[in-house]
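Multiple structures follow.
Shared between the two complexes below is chain A, which has chain B as its partner in the first and chain C in the second.
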Partner chain A sequence: MIRAEYGIYKDAEIGTNAAHDAIGVVNLYGKYMFYSTGDFSFSANLGLKWFNPKNFWILSAEKRDELSAVNVYMIPVALTGSYVAADWIGLHLRLGYTFSTVDGALSEGDALAEGGVGGHEVFLQPALTMYPLEGVAVILGAQLPVYSGVYVNTYAETEVYPGVVAGGKVKEFQKLDVKEMNTLYLAVQLCWGSLNLRLTATKGLRFFNEHIKTVLPGAEVFWRF
Partner chain B sequence: MFRDHLMNSAPAATVAFFLFFLSACPVHTDWNGTRKITDYTAYTLNEGEARAGVGVVGTG
Partner chain C sequence: MKIFFVLLIAAVFATCEKEEGIGEPPVDFNGIKASFSSPTGVYDQSTEKLLMKEIEELSHLYEVFEKIYNIYPDLKKLLSGAASQVSGALSTVSSPLTTYGYIKYSCPGADMKNPALDFKKGMVKIESDELKIENNTVSFNGYLKMLFEECLIEGDLLKGVSHILVESDGAVLDFELEDFTGETLFADFRVSMIVSAEKTSFLAYVGGYSFVVDFSYSSDGITASIKASNGQWSCEITQDSVKCDF
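Showing the complex of A and B:
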């Protein structure tokens, strides 16, 4: 992850993960805090991720050519509320929805065509931020998928006449079981002026529809200037 | 007696009391001033402020 974010206007920021951009997954997000009383704040988030496999340089040249007519889009939107319970603790809740789709022709045998891609996901992200000491923050949070469904290509057969069976691929919407897909994290952030170090322990990190059950350590160094 | 009262209270009331008690504790930090944490929260960077960094293993 290579984070780059900028406050473009009062209460508005844009950002991107440059590490994804570098491998051909163009991504941009914006956030606008539309209401704030001091104790309560609410923001709207909108993002766009796009990739065309022809730019996905980690794939082989042959595979890139084969999939070059395909565009994959993801559009995450969210509403986030924050409440300053006290000067040392904040409660936050994000309700998000991600729409993903594929535009373009998929040829027979493609991984994307076989596996299916595109769908809808609704998720909740509660977080608790605590500031026990000057320059120290503790963040406890979770990512909880509430609903998830994808379009998959399946093969269906019908007996049109006695003894004559016709079959073909159909696009089918399938609801996914996401009960066990929760991600929990605990982070400690240390701040020295503009320099920040965040150490994270993440349990249940999700990678598409896979779930890593072991606790993973993580670290991030960033500057705010 | 006070302990009994706490033990017999509804959990929400106990949590509220706990938060009220701790909110009175002085904490020396400016985190809730101009340097609020912006990810996971509704807050944004200030106008003209930038944030840049590198990390491994996030939370998705």
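Showing the complex of A and C:
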């Protein structure tokens, strides 16, 4: 990941993941610290990700055209409370909600399917940040899902035989069992001026109710202006 | 990707609550069935003329249905309580699925032997919350709705909605015709019907009293019988006239 963050004025910043932008995944997020006193601070976060395969230039032109009616949206919202316990350690707790959806139309042969699939998720994200050396941070955190649900809203139609067309519509919602599907991560962040490098090891990365149990490495470069 | 494959994906969420569909029937089907079993009208000379006119008009409506059935035997099977086979489009469905669904039948083309493939002669659409797909078969059980959307059948334009209860031996229909223009003219007309494999029965009203009129096809053409509270009679229907053995 390659992120860029910019302080638009005191206590407020906006950012984007440039690596995602470069391949056509438009994303923007903002953070506003609305309360700060002594060792405590509280901030609000809002983001938006939008992706339409027609802008995904690494796909073939034919594939981009075929999928051009499909849109993927993700809107994360969060409230974060931080406590600086000492000059070398900080505690953070984030309460977040993410709305994600995929909608659009797909056709194959004489069949047409339109609709959407998406999800709602509420999660808690505690994190412990330690600063053992100048310009070095060690972060130990978790993402604990509190509630997760998915919906399917499908409309599809096909010609059964000449003069006869069959179709259907399904609108369903299901709460997912996400108990014990926590994600843990350990990160080391190195800072050189505005440039930051974060190396992460993540255990239990989750997508809806799928859980990857192996530890996954990750790297992130970001600039904070 | 065929429609039922899409629906199968959705069936993964089979335990979920359904949020939309055609809802509850707005008619009392049991009341309609009871009316068919005990007609209140009395046949006598004073009711004969009006009754003959009713039979003539209903026979025309019956003929229109038969013209549609000639092209879509599936539709009659469906209304007769039999599951409707709708070809290999269902081959991707391996487990039973119940959902909201519909089938649109294009109204007949100019030759009256084949459907108008472009749907420009209107359509008959059947909708149900209980569309069942199992073993490559579609069946509609319970309550369904049949909509006639500007369906042009030879000289007749048919527009309206029918609420239908499909049972194992046939279907009970409450048919609200907004418009039926052509050789016979109906507007804002409501008729109750029972369809089975052997016959189609209508409830005819004369002076506020009910008569049951059964129609069926035989080698001689359309035959009808009238059931009143004081007896039952057979009728012969030709293109020009209705003759009953009163």
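To be clear about the criterion, the second predicted complex is superposed on the first by the 166 of 225 C-alpha atoms of A that agree within 3 Å, B and C clash if a C-alpha of one lies under 4 Å from a C-alpha of the other, contacts with A are read in each partner's own complex, and residues count from 1 in each chain.
The rule we apply is simple: a contact is a pair of C-beta atoms (placed from the backbone, for glycine too) under 8 Å apart; a residue touches a chain by one contact, two chains touch by 3 or more.
Just so we're clear, the structure is a prediction, and the values are computed from it rather than from any experiment.
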| item | value |
| --- | --- |
| Touched partner set for A:Trp192, first chain B, second chain C, both or neither | neither |
| Per-residue contact with chain A, leading partner among chain C and chain B | B |
| Residue ranges of chain A in contact with chain B within the complex | 1-13, 15, 19, 31-33, 36, 41-43, 80-82, 84-90, 92, 94, 125, 127, 129, 131-137, 139, 141, 143, 183, 185, 189, 191, 196, 198, 200, 202, 205-206, 216-225 |
| Chain C residues touching chain A - in the complex, by the definition given at the top | 1-4, 6-7, 9-11, 13, 15-20, 71-72, 74, 86-87, 89, 99-106, 114-117, 119, 131, 138 |
| Contact set on chain A toward chain C in their complex | 106, 108-109, 111, 113, 150, 152, 154, 156-158, 160-174 |
| Residue ranges of chain B touching chain A (in the complex, touch as defined) | 19, 22-23, 25, 27-32, 35, 37-38, 40-60 |
